[in-house]
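Labels for the chains are A, B, C and D, by order of writing; each one numbers its residues from 1.
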């Protein structure tokens, strides 16, 4: 079945297409850990985990237009919250998730307040400050955090009735959290918060005039965003079973931001693509150049930005548009030309200007 | 718009189906079960994954990228050793060594991923070297669960030796506590009333060494009068050095990694009012750290060492050093043989060679047991008088070091090699 | 005349078509704003482009100066302007005063004017004579706008809105433009200030024979100084003609220009 | 007292290092509106160029201008080859390109010159002068002096040359600058070239103090960010002032405020920044102009 036919029949098949697609994707996601080697499953788990933090970051950066270079630190706070709870208080794993989420939400709200006064670059640098400051702070409180040696904590073990291996169980836990995250983010965007965020990004003063409670929503966006970073951090502790301050350096924050931009800002698929980039491209880089993977990795980042300035998701959208135009073209040549659909009208200008009808005269209105 | 969305959904569905089909086609990928190759005879039931009569496959995880890439070159020394042994000695016990190097960028999650890759996909016999305390800590649970040997990790944290729950993991280099004991012992003899100022890196390495030192000088008249830490992300330690100078201590213990080592040595040399006895720890004791400071500025600096510094002219005619240099030139022409990390890699690889030779069974269990029963094993790249020793209650292979003092253009050994275990007793957690 | 869109010379005496716009399309990304407009401006004329918000007035000016890409044809004295960047059209003598002033706020008033004369920098033998000419032009601009002379050492950002607009026009004049494009000069200014500005624009036009295209929401003011006027709506020209005629057509004024006939009479 | 002054001097020395790199950051931000994450690494690679030239026998005072010229050309080339193609893209895209450049340059330097500390020639005499019981190293004085000279030269360039006027015009209002016939491309290339040159000078100056290896500028870059932010990110004077404030504040806090200590001293400049930004969101010397989103 060619892509072209797929598109053409799409409208007819539309009614059952979406549920079917959802079903197949769900089935594939559930089947994955049974088919792939544990180390592949682990990689996918990490992709999902990074997708959670990137989805949160996307809320802030992509939709809100605010830059954070401190999400590695929120991630660390989530990870440490979980680790300390497991290590010092031996709570169960499940208890750590809401605590990490709530803690990071509040911390994010705290950051959101100064963020109200700061824009763009300055906010980025204040959050960067947080990312730089956190590791030495974690080292300072050695009796709680384990200092620079870090903490080793048990991973969640699969209940025996599942018959799952540890990596499969971790995968399903992460998958569940990631799915919930994506749903929550989607609903957030559809809610007043999302509309306010978009309004803020597009034009702050106009948003203010429109009566959007700008400051409130800005702070709230920061809080949500930090919360997802914390959730991902908690998952990290579950999956890796080890935290140490120097694992959460500024580099992590920069990598996260780069991953999101490479994946695609303000796009639903951006965080997933970005997470895959962060996870797999370093491997590609070291396969190409074992001695200095950084050389290749740096070049790959530049190359992606060069080829897809709006990120991989944008590239996918562009490719899809290209396919669609090609299909439309085929349709036009095969059948009688039909009146242009609205979708076509918003497309890029055609190479030849269409002949204009005579300008309307004044009597028109 | 609506049509587009459906198209996307359908296409995603198609992709999902494709993924499923692919997965089914290679469903054997999942198999952990087929990895349990086992031996016959006396070694019956033991794991023989990654080892045959003709070959042995090892995997190492090093930071080839990221902030700690300086240490990545250790893998060059290790690889070169194995290439040399394969080509000129017929391998180890007739087995050609295949050494797979992976990069973790000094990030624990990446280290976990790479360890899994090495074990599950590459099916290595052993993970020979993970580098750094964080990465090693992140993977040792997994490797011990999988019963994969993790010999001679490239970190001096004492936890590798004091721990009892990870029999498959083993350190190699003198642990930081052992090293600090060398300095404590020296000061007790030379300056029994020393007032010590300490500059240390604020991580496991610095904390371990400082803690060990304080422990070792307990009960003596030696006191630590000032301590200043720095982060690896700090640009410079000069402010810390100014603070330490205020203490007017008569000994400076310099617990740093190379660049900061150079900075601290330079700051000490520049300060005309403060001239403490400068002790620099072995990580920064390479001649290549001292040279940029200027040899005339580092006369009399004291350190302790356990392997031969390739940048030091006194080993120029040493047989092993010649072999090493020739092999580096031949098998790793791009790497600089005078970098001490390369020699470190060579030394640790030849140590593993000895351990593999000592295996009773050519199995993972065999290697695990062999590294726990090393008796006076001599390794030519180590200093004369330093040997590998492990036993039921001793999980620290190297605990003997020797003091060196910088004179002219080289380190001069002085005193006798000191077995810190004999002198101070076993290191405890 | 009423209702006639100007495609061809519509009878009135036109010396020569200096700026010729035909079938101009332009837009931003996917959004098309201009759907093929055409008009021409004679040398030394003032042409007003009027119309409601979002009609495409600003886009028209931007297409002329190269700030947005356009399709169709725009010629200045026979030279095609489309497909050129702003810095290139400036070299052809197009001086565009963008919406919202477009001064260099960190620079002093005099520095602003010197930047305006950027293209007139010469090397070698002509350097000296051109420097003298630039200095003379500086005097000329100060002559038009005496307030700028008073504040020549002040940062442009510290000027009042009206002064900034004067400075922006002055900067454009330093180019010795063949074509001056003014985008909403009255925006946010007090009526008195605006009137003064328009008076000066008229003076400049008369004294230097500079061709001017001015875009305005305040149709009445613009029509007062313009020779020709065009009314844009939704990216299409709906009305063209001599300024006087358009102004006198009460219905037109009311429907398209928001000029209340009462208000006009009252004012 | 003299101890306190000694720490102040130490702080000024560190601050002048941050200031010199912050100056380069500000130069690029002024003209392009982006933060160049690769600034420190470009300075580092320039320093290696100087090292290579000296190692191949060139006298230092000849190698320096050659290095600066190479850096100037290199900066312009980077703008033309790496930044120009993504010019119309969102600003974050360009910032991420500089992150890619950071990673690339850092790894490439390690590959070419290894991570061993290099022996960099000290351009200033060794030792120090004693002033009122305070030792000031000649090298510290040298760095401060050179930063002052660079400031002076930049002032002359911007205030008293036609090129400088044009550059300021572009920084103030790119659209109007283009409408005045100024070719943006050239000015942006010039901006990158200048920034690379100032960065190179910064690298060469600090190499004898920080010791040359591929990660030499990584830590300094964070402090330079802090300095530039404090100064307002658009103002060269602000960058230098910010650098000195950051340097002195962190040194004094690290030395005298007990609970801060050396490990948390980086928090002090960050706290100052936060407070300053809350009072003046555009930084100490920044323009109150509306920020581009």
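The rule is simple: contacts are C-beta pairs under 8 Å (C-beta built on N, C-alpha and C of every residue); 3 or more make two chains touch, one makes a residue touch a chain.
As the structure is a prediction and not an experimental result, all values here were calculated from the model.
The interface carrying the most C-beta pairs in contact is the one between chains A-B.
Taking each chain's centre as the mean of its CA atoms, C is the chain most distant from chain A. Chain centres here are Cα means. That of chain B falls 73 Å from that of chain C. Centroids built from CA atoms put chain B at 37 Å from chain A. Separating the CA-averaged centres of chain A and chain C is a span of 47 Å.
Touching two or more other chains at once are residues 65, 67, 69, 202, 231, 233 of chain B. Under the contact definition stated at the top, the residues of chain D that touch 2 or more other chains are 103, 107, 110, 222, 263, 266.
Counting only residues that touch two or more partner chains, chain A has 132, 136, 139, 250, 291-294, 297.
Residue ranges on chain B touching chain A, taken from their complex, read 1-14, 16-17, 19-20, 23-24, 26-27, 29-32, 64-67, 69, 101-103, 105-110, 112-113, 116-117, 119-121, 133-134, 137-138, 141, 157, 159, 202-204, 206-207, 231-233, 334. Chain contact summary for the complex, chain D toward chain C: residues 162, 165-166, 168-169, 171-173, 175-184, 287, 289.
Across the complex, chain B is touched by residues 1, 3, 6-7, 10-11, 13-14, 17-18, 20-22, 24-25, 27-28, 31-32, 34-40, 42-43, 46, 132, 135-136, 139, 147-150, 152, 165, 236, 239-242, 244, 246-247, 249-251, 282, 285-286, 290-294, 297, 320, 324, 343 of chain A. Residue ranges on chain A touching chain D, taken from their complex, read 61, 65, 67, 114, 117-122, 124-126, 128-130, 132-133, 136-137, 139-140, 201, 204, 250, 254, 257-258, 261-262, 265, 291-295, 297-302, 305-306, 309-311. Contacts from chain D toward chain B in the complex involve residues 3, 6-7, 10-11, 13-14, 17, 103, 107, 110, 114-120, 126-128, 135, 137, 209-220, 222-223, 250-251, 254-255, 261-263, 265-266.
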